[in-house]
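Two complexes follow with chain A in common, the first pairing it with chain B and the second with chain C.
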Partner chain A sequence: MEMLKINGVDREFPAGQMPKTIAELLEQLRIETATVVAEVDGLIVEREKFAKTKLSKGQSIELVRFVPGG
Partner chain B sequence: MVSMKEKLGRAVVGIAGLGGLGSNVALALARTNVGKLIIADFDKVGESNLNRQQYFVDQLGRGKVEAMTENLRRINPNVKIEGHQLKLTADNVPKIFGDADVIAECFDKAEEKQMIVETVLSKMPDVIVVSASGLAGYGNSNAIQTRQVSKRFILVGDGKSGIDSVKILTAARVGIAACHQANAIIEVLMDGV
Partner chain C sequence: MADNLVIAGREFKSRLMVGTGKFASNSIMSRAIEKSGTEIVTVALRRVDIENKDDDMLSAIDSSKYLLLPNTSGARSAEEAVRLARLARAATGINWLKLEVTPDPYYLLPDPVETLKAAQILVKEGFVVLPYINADPVLAKRLQDAGVATVMPLASPIGSNQGLKTRAAIEIIIEQANVPVVVDAGLGLPSHAAEAMEMGADAVLVNTAIATADKPEEMAEAFKLAVQAGRMAYQCGPRAASRTANASSPLTGFLRSS
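Up next, the complex of A and B:
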């Protein structure tokens, strides 16, 4: 099993099935990227780099999906 | 020991958007004697704004920056106000809010919320952003929370009640979120992160 911490909760993936990038993770979670801010181990990843940013097991990821209204 | 008045008097807060969130954040911070507010919005005061935004009927049709500047001066003439009547973008945010210690994200659209939070976190390394997401509807006051996502990113709201799904914005619930934002900003200015 491989693990990522997503919004504070440990999430396990069978070996080889852990998403390889932020973009893959969002696709797996069925989250539209246009409204998402992502941080990996406390550092911002810009939206245009979601597909290029590789994930490693054990990383802590914060995903904030904004909803409209203000 | 530096007093609250001295500490806040030196602070600069940017307010991105002067709608239901921003107009309420601005008023709360002006009443708390924050030294300088940098306020920005592209819009005019419209009738549909008056159910939750801090403007008056006789201000309909005026630019929000001008109308809010007038209201803030009437409340506290000691606060310095820098106004920008324009649309904020990823390109102009770092320049317009360059002097800010903290920026309040007070936009309406989800994509714009994303834009400014990403811009502050990636391009403005000394600035804290206090954003709001999930504040539509009424009731359920205690679902609105303040959460420190990371060192420079504070998030207010219930995380899910958007105007796209809930269809209504009320003065009371938007006001709760705005005051969470203002309160978090005061806390950060007083105690750091």
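Up next, the complex of A and C:
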């Protein structure tokens, strides 16, 4: 098993099936890319770099988006 | 002559900013924003809910008509606020930011020390910073010196509908400010918004009072009219209150002897 921490929760993937990039991760989770911003181990990843940003096991990923607020 | 609100060199016709929280649905929010006449709407940044993803609200806001003003709500320290600010900028591509640092969950009062610290960092990073603050004239000046684009003193605690409890301090802030003063938080009625505008506030921000009304769209319009009326009255040079009466009718020519 390989693990990524996503929004504070550990997620396990069978060996070889862990998403290789942010874009792949979002696709697996069925999250609309257009409105999301990501942080990998505390560093912001711009949307245009989602497809290029390689993930490695054990990384901590934050996926955030806008919600209603005052 | 046009009486536009100018923030960081950008002009706005409306002096009402609207928050997008607490609306019953995205469509009600969208119609209320339209009715309010606003050009600036605030949004918050949160983790994507991976199990429940149908929460995209941006599709309900036409970003060609409204400036999205991300806030840093939820931040309890300067460090957290700066992190949220950078994420917000990455998400929108715009560098406008409503800075709020509210460590106290009960009254949600802003932390002046952390807010100033975050503002200093963010201004240096090129953000247009609109800090939410308690109505503290000294803090407002310090933030102004740090290069913020506005100051946003609270009228009363967020969402409390109490109106202008901090009136005297906001008067001093307005007197001393050389950036726009936006009265934020606690304005529960259009009359509260009008009062803030009459005393010379440059704009107000309203969320709860509109979003939680029985008829949010109509309430949005009521706030729009109140802000316009208050602004107009301010420009007309209102007279001060006096303790005694001042007759409006002539005090001569009465129909009585001697």
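The definition used in the following text is that the second predicted complex is superposed on the first by the 66 of 70 C-alpha atoms of A that agree within 3 Å, B and C clash if a C-alpha of one lies under 4 Å from a C-alpha of the other, contacts with A are read in each partner's own complex, and residues count from 1 in each chain.
Note that in this section a contact is a pair of C-beta atoms (placed from the backbone, for glycine too) under 8 Å apart; a residue touches a chain by one contact, two chains touch by 3 or more.
None of the values given here were measured: they were computed from a predicted structure.
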| item | value |
| --- | --- |
| Touched partner set for A:62, first chain B, second chain C, both or neither | both |
| Broader residue contact with chain A after superposition on the shared chain, chain B or chain C | C |
| Partner chain(s) touched by A:70 [first = chain B, second = chain C, both, neither] | both |
| First, second, both or neither for A:39, with chain B first and chain C second | both |
| Residues of chain A at both interfaces, chain B in one complex, chain C in the other | 35-37, 39, 44, 46-47, 62, 64-70 |
| Residue ranges of chain C in contact with chain A within the complex | 19-23, 29, 42-48, 50, 53, 55-58, 68, 70-71, 73, 86-87, 90-91, 158-159, 185, 205, 207-208 |
| Contacting residues of chain B [partner chain A, same complex] | 17, 19-22, 106-111, 113-114, 117-118, 121-122, 131-136, 149-151, 153, 155, 157, 159-166, 169, 174 |
| Residue ranges of chain A touching chain C (in the complex, touch as defined) | 6-8, 29-32, 35-37, 39, 44, 46-47, 62-70 |
| Touching residues on chain A, where the partner in the complex is chain B | 34-37, 39, 42, 44, 46-47, 62, 64-70 |
